[in-house]
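Here the chain labels run A, B, C and D in written order, and each chain numbers its own residues starting at 1.
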Amino acid sequence: MRPSSSTWPEPAGQAPPAGPAPGLFDEILARGPVRAAVSDPQWLRHLLAVESALAAATAAHGLVPPAAAAAIQAACRQIELDPAELARAAAEPGNPVLPVVQALRSAVGPELAGYVHFGATSQDILDTAAMLVARDALRLGRAAVRDAAGAAAALARSHRDTPMAGRTLLQHALPVTFGLVAAGWLTGLDTAADELARAEAAAAVQLGGAAGTRHAYQPAGAEVAADLAAGLGLQAPVLPWHTDRTRIGLIAGALGTTAGAVGKVARDVSLLAGSDVAEVAEAAPGGSSAMPHKRNPVASVAALACAAQAPGLVSTLLGSMVQEHQRAAGAWHAEWRPLRELLVTVGSAAEWLRVCLTGLRADPAAMAANLDRLRATAGLTDPAAHLRAAGELVDRALTAHENRE
Amino acid sequence: MRPSSSTWPEPAGQAPPAGPAPGLFDEILARGPVRAAVSDPQWLRHLLAVESALAAATAAHGLVPPAAAAAIQAACRQIELDPAELARAAAEPGNPVLPVVQALRSAVGPELAGYVHFGATSQDILDTAAMLVARDALRLGRAAVRDAAGAAAALARSHRDTPMAGRTLLQHALPVTFGLVAAGWLTGLDTAADELARAEAAAAVQLGGAAGTRHAYQPAGAEVAADLAAGLGLQAPVLPWHTDRTRIGLIAGALGTTAGAVGKVARDVSLLAGSDVAEVAEAAPGGSSAMPHKRNPVASVAALACAAQAPGLVSTLLGSMVQEHQRAAGAWHAEWRPLRELLVTVGSAAEWLRVCLTGLRADPAAMAANLDRLRATAGLTDPAAHLRAAGELVDRALTAHENRE
Amino acid sequence: MRPSSSTWPEPAGQAPPAGPAPGLFDEILARGPVRAAVSDPQWLRHLLAVESALAAATAAHGLVPPAAAAAIQAACRQIELDPAELARAAAEPGNPVLPVVQALRSAVGPELAGYVHFGATSQDILDTAAMLVARDALRLGRAAVRDAAGAAAALARSHRDTPMAGRTLLQHALPVTFGLVAAGWLTGLDTAADELARAEAAAAVQLGGAAGTRHAYQPAGAEVAADLAAGLGLQAPVLPWHTDRTRIGLIAGALGTTAGAVGKVARDVSLLAGSDVAEVAEAAPGGSSAMPHKRNPVASVAALACAAQAPGLVSTLLGSMVQEHQRAAGAWHAEWRPLRELLVTVGSAAEWLRVCLTGLRADPAAMAANLDRLRATAGLTDPAAHLRAAGELVDRALTAHENRE
Amino acid sequence: MRPSSSTWPEPAGQAPPAGPAPGLFDEILARGPVRAAVSDPQWLRHLLAVESALAAATAAHGLVPPAAAAAIQAACRQIELDPAELARAAAEPGNPVLPVVQALRSAVGPELAGYVHFGATSQDILDTAAMLVARDALRLGRAAVRDAAGAAAALARSHRDTPMAGRTLLQHALPVTFGLVAAGWLTGLDTAADELARAEAAAAVQLGGAAGTRHAYQPAGAEVAADLAAGLGLQAPVLPWHTDRTRIGLIAGALGTTAGAVGKVARDVSLLAGSDVAEVAEAAPGGSSAMPHKRNPVASVAALACAAQAPGLVSTLLGSMVQEHQRAAGAWHAEWRPLRELLVTVGSAAEWLRVCLTGLRADPAAMAANLDRLRATAGLTDPAAHLRAAGELVDRALTAHENRE
């Protein structure tokens, strides 16, 4: 049975509704739809969605009366919570789930209060909501990466035969084509998209109860967990994973790899767009009031800035995997901000790269001029073999790209 | 000459005014006054304070007419800015300074507009504001560390001769005293407080203009910078440091060391407060609705959670020190969130440790009982020599602590 | 055609021959067969294996005469290189491949010298050798993780119904079973093994030539690369990946996740083996000359020490993914030591965990005594429901474990 | 009293004797004298030096007979230890000190054996030796940084008035001088040298005995520790610091900041030396057999590669500061490799930068040509004000540099 909450509060994976007003640096460092996807209101929606789906799943197995489940689900839909009040009430229990539960219990009245949050522990709800947040953010990040890959593919196609200087250790080396450069970007981004898809698929419900035995659902523990998973569009795990954080590690690794793939492309663009090379230009470079001649490649610079924040956050999440017994004394709480920051910064990096590559203008004449300097220095007479070889690699990369779609 | 803006908008280092409403996890992970100190409104106040102080400093050297400086300073005091609007306008230039400048220019009118932000570049203003944010947050963090150290000193004093089992690799080893344990906490926290003080003292103004030459202030560049520094209570650096980020590295290192010192104490408390040891109890342990018998050591757990986030953020800031030429293509922007996060998480860790150690209750009977088990296993007959030696170390640590105050 | 070098110098993935003498800390921190697998002699063997396989692959496509390939392959088998001399000759070109190539060219004589290293660049050879090193080390790490998982499965099976206190935030919570604890370890380790297998499968040859076009192999570039891959048991990538380091990121992520999974188990064991809990004991605890009563859980402590080093190394590798143009100015070289360190530390962590869990002794009486204390405090009357629920989860985890083998 | 071991085995801080043969990547990534300073033989010398100094210090306070101390000191000088055998014997106790102690006890015979390692625990000896290793490596690193700073100062002086294009976000901005660029490098390196000096000064002896009470030295614990410190040229700490790792944090922070300062300079050089800019050239660029026209800036590239490895290692050391009770269950052991790696990689980065800046050739004509392009684009008519301002800043930086020497 598929619980009725499955498409509530919104179809999974769609862009979230517009979030709160941006913070001072947010249009640069928390860019695009991912900001709303990890915002407090969205967290709150997900927390309520989990409680709602739990009511449905427990009712489906006779643990909670249908009327109680219906009342809880209605309360989850209708309740108005003050986030700041919740936040303040979260300190003493150490997480914001308890005040949500208390509010729902008040809402359904004393007779049904016992059916709210039935058999669950706070970590069940928070981890599951975190997985919904992560799933949405990963999906948005992947969409941006795919768009960026599409733009790279278009560049690879149109510049398949545009010669330019290959550069190793920032020195001119041998001729390549801009198409091959873009094809290299493409394969990295395709890999990143695959990693993000895999991370998204690893998102699973958490349901274990206070010590992880699911004892309150006996003998239907596995079934309740499976229904909860189905209701929310998440995986049903083998066991509760309160202190087995391998899926957090896996998600962190995918995001870290994506940041690296994005950062590589953005570094190339920022260098190629630099005044000393001037072989590409972003579609909408930023200006400078003090220096009207400047054409700042803001999108690649911002993408680099966002990508650079990922490795440290990944290391925090990996380091926090060492969690004691049935619930960690600190390492669980230590995940919350870094996970959110990591989703935001990688999602933003991908969004900026999408902007950067969409409409990126290459300047074949500038490429040719720079290449001529190389040819003079290196004594090359004919780059034709290089260009032919590069063209074949471009074709190969495009074929691989197209076959995966 | 000390510019008139020196105590504006508030005396340096006092607790900032109450900030915005807490986010969902903020009462746990962004705890205490540091949250307001790094908040957007406070950033905005500091940005305006820098522009105001710059007007005063340039006027003092005849670069800006006194009337223009007065008008700018008045505008800085009176202007009402919409943070979200600023945020949106920050994306294109890549930072929120330009819209602030534009608003100030509008406020003072077209004739004086040219004197606003005189000779400065956006990074001058943002870096200087960041130093003000850092200084305030470091000061608050240090106050919390000092309070925690004071509580540790009190524990060391009162339990100078309270025997307990020393534990190595979590195994009972030889007898120590709880006083010595607390004295060890104390010396670590004293070192951390010294590191934070040193970091605070390193906070310096940034003033270089677009390419870092201070050419607009010629021949008074050094003097304008010195006055700006004096006006804001910051150091005057040898050179503009747009891409010399050693002071960011130094601040990051001090915060990382503090996190480690705090985390060590919190780990000890969480273990000693555990049911299997039960030798200490926090003054206000958290409850659990599902398990009324629990006494969660929430303060030490939260301190651990906050401290655990620091090392990754430190690594991001250190990695971002590699900044190109006269302004980095990404690495500068990459500092903003991690610096804020690091200040918040270490400040919060210190705040939680202050809570944890204030009123921490030791249970000498439980310590004695656990020690008896050790003595039986280890065949110790007389711990007196250990206790005497421990007592002398406690005295030594307390003396060192008192001498530094 | 499968080149004849395919099983040279040893069947892929077997334990490497005994390596050099251990360094001072190596039996603790570079434990088990992984140390030899990443040692200099093994690197050297792999470098030669790549040159040999390249000779075969180029000969198969008529780029190199069969006799030249045979001579090169013979030289690769027979050559005696002085590692220290190679090391010294590596500084000027920036990597140790050039002196290897020069030695091979000397060995085959001036007439055939031009066929050595045909069309390749140093990074082709070094990256491919790095993949062989990584593949071997990943395989060894996975074997240790699987053994540890097997031991966890055995514990889960034999202690399916052994009650113990569940602990959250180090406080006694509700009853669980030791079987369920071990089952949780098992699922984490199974996930880690899957991640390592996936990382191993991602290992690919590198072949691009100086600027990544494979121009020297025209029009057979893809075929030469495929043959090289087949000859070495590695994947053939879509494109040369000189500066697309997503597979390094993927490998780093898998190793980081494994470290977390191992560290979680080791933390639990170290706590459960602590004098204050004393519910488990390692099969061969370490002694202390000064304190003969001690039973140090050296394997879990060493596993923790090794696992703790992974997150920082992962972050270095992820940060190094931002590589410029056709060959990075520093970020490529920055991978070498961290990759080796990461393989070693995670492999060692896994090896220590294998030791730790093999023969781990649980003490049901001690578990029962500690649980009794919980029951008294918590007022629990009957843990039966908890135990039944735990048992079902154990069965579920064991089934999942068995199904994957 | 200053124990007689004070200048043994060599005057503190001198370059260590030539170490073992370099590993495959060591002439690139473990460059210069720091490699020997952190090598196993040097560790072993320091371990013996500590045992020798301890014998002297305990004898000075009547705890050990003078004859016994003399015999121990002689044994420390004369003993021949097999590092590999020590390494193997280190696994069971979890560190290499015990086998050293056993060897010394054998050497002095059964009657004096009890005076060897008197009252100490393994961590006392290992931590103190680690401080000696760190002190030496920090000193070497600082020497290299100072040399690099000296070279930067020379460049600043000779190119005080050499105009070049300032670059922000890799775009040409306004004119600067190469002297000012070099002066910026100088101030960063001076700060790094100060940080390293401070870290070196923080190196302290460890002496606490098994549980940190120094009970075996009663009532002369503080005096023995002070004499040990004097004998080895280290600080005497307030308390034993077995699990107060703030000085490790402080050392790590200083090294991380140094890496950033070095990396910044190396990044600038690698970009300025790139074919597209070509404004500077290293004195001894690397060649490429395949591409004879290349002039690889190997020193700056290697410096970048070494510097990039620091932030992750710093984060590992900071994360390992959370150490349990009187001796950590894993976090202490987790420091050993990262501390060594960090000392090596930062020392190597500094060494490469010394090479890079010594004899760095600037090309004023190329700078002028690139600047002309800027002037054309930007419509600048006269860069004189910029150059004058830059010159004053150069003077200021040089004065500050000279005043500190």
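Following the convention adopted for this analysis, contacts are C-beta pairs under 8 Å (C-beta built on N, C-alpha and C of every residue); 3 or more make two chains touch, one makes a residue touch a chain.
These numbers come from a predicted model, not from an experiment.
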Looking at B-D and A-B, which pair shares more C-beta contacts? B-D
Among all chains, whose Cα centre is located farthest from the one for chain A? D
Taking each chain's centre as the mean of its CA atoms, how far is chain A from chain B in angstrom? 29
For chain B, give me the residues that contact two or more of the other chains. 94, 167-170, 173-174, 210, 266, 270-271, 274, 291, 296-297, 301, 304, 307-308, 311-312, 314-316, 319, 329
Note: in the complex, chain B contacts chain D through residues 94, 166-170, 173-176, 180-181, 183-184, 187-188, 191-192, 195, 209-215, 217-219, 221-222, 237-241, 243-247, 249-250, 252-254, 256-257, 259-261, 263-264, 266-268, 271, 304, 307-308, 310-312, 314-316, 318-319, 321-329, 385-386, 388-390, 392-393, 396-397, 400
Spell out the part of chain A that touches chain D in their complex, as residue ranges. 165, 167-174, 270-271, 273-277, 291, 293-297, 301, 311-312, 315, 319, 370, 373-374, 377-379
Contacting residues of chain D [partner chain C, same complex]: 21-29, 31, 40, 43-44, 83-84, 86-88, 90-96, 98, 101, 121, 210, 266, 270, 274, 286-291, 296-298, 300-306, 308-309, 311-316, 319-320, 329-334, 336-338, 341, 345
